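Below are structures written as structure tokens.
Below, chain A partners chain B and then partners chain C, in two separate complexes.
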Partner chain A sequence: MPQPTLLQSLVIALIQVILVVILIFVIVPLTIFAERKVLGHLQQRLGSTRIAGTLTGLSGFLNRWMWRMGKVPVLSYWRGLPGLAGDVLKMILKEDVRPAKADRFVFFIAPALSFVAAVVVFGAISFAPGTLFTLPAWVPLVGGLPVAGAIADINVGLLWILGFASVGVYGILLAGWASNSKYPLLGGLRSAAQIVSYEVPLTLSLLVPVLLSGSLSFGELSRRMAVETGYAAILPQMVGFLLYLTCGFAETNRTPFDMPEAENELVAGFHTEYSGMKFGFFYLAEYINMAVVSAIAAGFFLGGPWLLPFGLQGLWIPESVPFLGQPNVLFFLAKVVFLLFVYIWVRGTIPRYRYDQIMSVGWKYLIPLTLINLALAAGIRYFA
Partner chain B sequence: MFKNQEMEINMGPQHPSTHGVLRLKLKLDGEVVKECRPVIGYLHRGVEKICENKTFFQGQVWTDRMDYCSAVANNLGWAEAVEKLFGITVPRRARYIRTLLNELNRLASHLIWLATHAMDIGALTVFLYTFRDRESILDMFEAFCGARLTTTAFRIGGLREDMPPGFEKMVRDFLQTFPAAIEEYEALLTENRIWKKRTIGVAKLTAEQCIALGVTGPLLRAAGVPYDIRKAHPYAAYDEMDFEVPTRPEADTYARYLVRLEEMRQSVRIIYQCLDKMPEGPVMAKLPKVLKSEVCEVYHPTEAPKGEIGYYLVGEKGSTNPYRFHVRAPGFMNLQSLPAMVEGSLIADIIAAIGTLDVVLGEIDR
Partner chain C sequence: MEAILSRSATYLFLLFGFIALGGAASMVFARNAVHSVIGFLVAMLAVAACYLTLQAEFLGVAQILVYAGGIVVLFLFVVMLVELTKFKEKRLFQIQTPWAVATVLVAVAAFGGVFWKTLFGPAAVEPLTLRPELAEGLKVAEQNAQALSRGLYADFLLPFEILSVILLVALVGAVVLAKTERV
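Then we have the complex of A and B:
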């Protein structure tokens, strides 16, 4: 295969970026929709049901028939989906109110910072090893060239991810400060303290796969974790996964750690003063962060694009098995979707920690546990 | 160059979890509450003064609108206070039906409390579960008196009408499923680590403090004092009912949660007894067309879901209106204890404390 020219590789990269952005903007609204629906069904209600409910035609017939049977109509599961378009429209069209005493520039930059930091992380995430698909030959300029399963599977991928995850906290902190209002300030400060604290155990729990695999690149790391670790490494991986997920909940400000925006205490936390699309960016950033945390958990602990988690793939399913033995981007996405479901599930089940309790959980329990887990992984690495 | 300053912050009157228009002036040192001053009166309608210009029959309508979550209990207090003033004897069957409705109302009120309290602490799902069950209670109210929230359930001297056909089956069907529903709430909360962490030892109020501040109801019982007016000064048909007064010694938010859940179970027992022992007979006493009072005064305390609700009525010779009317509202008295509960704790505990106080501003501001 001839080496692609600079222009060609730029176009390929653009295609990859567009694909990932499309993926984000498909996953995020669907997560929001799923949150409404799943939470609804957890709470014995239907979730959003407006719009797209036809009472005529075949679907209408099915719907009415199922209602008559005393069941929730199958088609109504998708009702409310077009409402998302309405939500976006509402955010864009709504008046953008800026408090008179807010710091103009910082107030403007904070949501952008949150949003960009969340999106950029996707650059280093590898959805599938090697080539995702090859462009057909009739495509001008880049015909016949492969499109890789990651935008940039760089060899310091993990550092990139963690670095930008930390930048996200600036968005929240600055938003709280720039609003020049009391509730947002409290929310922003809480958030800064919480996220900084939880970044420690988060990073420590991610060191386990790094140690076991000896790589920092997302794709390489998930490959080695999926197919090259032995039985001994299963325990630290499982523990690490649970610890990571806990910290991930805290990092994304979700229940039970949704302190910065604990609505019942701080009205809406750091984004109290935001409206319109500026608020929309915070809202999107939260869901993108959820997707990021899920994608990292899926890649590092759950075997990424390979079927089985915790290194069981390499032990149980040889690579010669068709389909199940091969890496597939669908497996990866399925794991992400499952973890997103876990997020919603947890939200529907448990209450919220108090601020000081969150801190004590982080420093007194999670950090020692991650350190022990790390020592365990180091021992396994040394002896095995 | 640097100075320490306490942050003054207004919680309310518009705030998601002050349960209406309660306003708290807080002084914060970081997240620690140094001072908490409740400011009330945003929902003041002058109910007491209005009632002085209404006849005894009309006054009852206003009692609905005080504690709108437990309208029946308020109606009961008013009706019995007026009956005490005029020396009217209510037929036994009417007293049984009143007891039944009052206990149903206690369930509805406690369900609202659990819903909002749990949601304030972040447990969203309980909210929807309790509202599902409260819905059936409201349906029963609707079947009985046509209204769901502002019931005006009773008449002075008894009831306007007997139970509608099918009402007893409605109640029994509900009682069949309700204990399982309580189990469901408990499954989500009672042994939940986070719930326990958020409530155990939070917003403590000892028995001495409760008595000094005039706090009654589940708060007092959760401090270990078995004072329940249904037992201490029985009214309606409570002297013929067999039930227990749950108490806990811990005097914290978790204890109040357990006490209220146990009260719900006891209410179910009382409702069963009402249905099983329901006597036959008329539901309305013989009354003159116009009630004209003598000069006399009564104070009639009843056990509303939130505590002791007392009606103080003074009659005027030959008048159809009360000369003076005053309500000892449990929410008003209980709210006094908020500063004692939260000063020195964290902001998040205020939310738990407001939840556990079960405030309804309609009755506090009147």
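Then we have the complex of A and C:
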């Protein structure tokens, strides 16, 4: 195979970036829609149902028929989906209000910082090992060249991810300060304290897979975790997964840790003064961060593109099994979607913590637990 | 291919170097303290990008993780909570001018010496390590983290441990200072 030239590799990287952006802008609206519907059903209602597109098509007919039969139509599960287009239009067209005493420059860059820090993380995430697909020969310039399953599977990928996860706090903190209003400032400070605190157990819980696999690159780490760990390593992986997910919820400011925007205490927290598409970027960043946390959990603990989680793949399914034994990007995406569902599930189930409770959970319980788990993993690595 | 890559890396290095200088300048000259912190953040991220163009991936990413993600957040915290707009506190910062000039002169001398040596002196042929045999078989460009951990935990273990003790002392001191007010 000929070595691709610089221009060709740049074009391929561009294709990968576009694919990832498309993936983001497909997953995020669908998550928002799923959140409305799943939360609705968790609370014994239907969620958004009003905007359903045409009532003349087959689904409209089936829906009306089921209502007439006195049943809640199964097809109402996707009613309300066209409303998302309305949401997007509303955000883009809405008047962009800026408080008179706000700091103009900082007020402007805060949502951008939030958004960029969330998207950049995808650069180091490996969706599938090796080649994702080969471009067909008729494509000009880059025909016949392979497109890898990761934009840049660098050998310090985990640190890249953690680094930009911690840069994301600026958006919230600066938004709170720049609004020049007390509730956003309180929300921003709370969130900064919360995110900085929970970064410690988050990093410590991610050290377990690093220790067990001995690699820092996303692709290599998820491969070794999926197929090369033994039975002894299952327990620390499971505990680590639960701890990581807890910290991930706190990092993304989701319920039960949604302190920065606790609406009955702080109006809307750090984005109280934001409207229009500036608010839209915060909204997008929150959901992209959820996808990032899910992708990391899927890659490091749930076996990534391999089928079974916690290293069971290497123990139970040999590589010779045709479909299930091979890594597949669909398995990875399925795990991400499942974890996004867990996010919504938890939001519908667990009430919000009080602020001091959040801090004591983070410092007094999660950090010692992650340290014990890390020691356990180190022992397993040493003896096994 | 290699030549193009190294040349574009040079251009990128220059680009990010100038961005870092711009960020640092805006940090010094900004009237608003929060704008200064944002300039500092830009400078830190640009320095990290410079490391990346030099193929020091670990160093670059650690720069983002530690400086951009940790230390600048603390700066921002302090600056947001302490209002520097009041006249008295401004005076407090202005009486330090002679000391500041002296510090800058010393820094210029030190950095100028380093630049002079790098540009006109003999090039460093030997890598800066006490036991080069430990680094054998290690591709530094591809295994940044491994190479750095060799350096920290094999070559320079004692200085590293002394540094961590100093940090621990600072940590304990901070706790003591914070606690005394409540007793």
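Here is the rule we go by: the second predicted complex is superposed on the first by the 380 of 384 C-alpha atoms of A that agree within 3 Å, B and C clash if a C-alpha of one lies under 4 Å from a C-alpha of the other, contacts with A are read in each partner's own complex, and residues count from 1 in each chain.
What we mean here is this: a residue touches a chain if its C-beta (ideal position, glycine included) is under 8 Å from a C-beta of that chain, and two chains touch if they have at least 3 such contacts.
Please read all numbers here as calculations on a predicted model, not as lab measurements.
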item	value
Which superposed partner A:160 touches (first chain B, second chain C, both, neither)	second
Contacts of A:258 with chain B and chain C, given as first, second, both or neither	first
Touching partner for A:3 - first (chain B), second (chain C), both, neither	second
Which superposed partner A:103 touches (first chain B, second chain C, both, neither)	second
Contacting residues of chain A [partner chain B, same complex]	39, 42-45, 182-183, 186, 190, 255-256, 258, 262-267, 347-357
Residues of chain A touching chain C in the complex	3, 5-6, 103, 105-106, 109, 154-156, 159-160, 162-167, 169-170, 173-174, 177-178, 185, 189, 192, 196, 199, 216
Residue ranges of chain C touching chain A (in the complex, touch as defined)	1, 4-5, 8, 32, 34-35, 38, 41, 45, 57-58, 61-62, 64-65, 68-70, 73, 76-77, 80, 142-145
Complex contact set, residues of chain B against chain A	7, 9, 15-17, 31, 118-125, 127-129, 132, 188-189, 192, 194-195, 197-198, 346-351
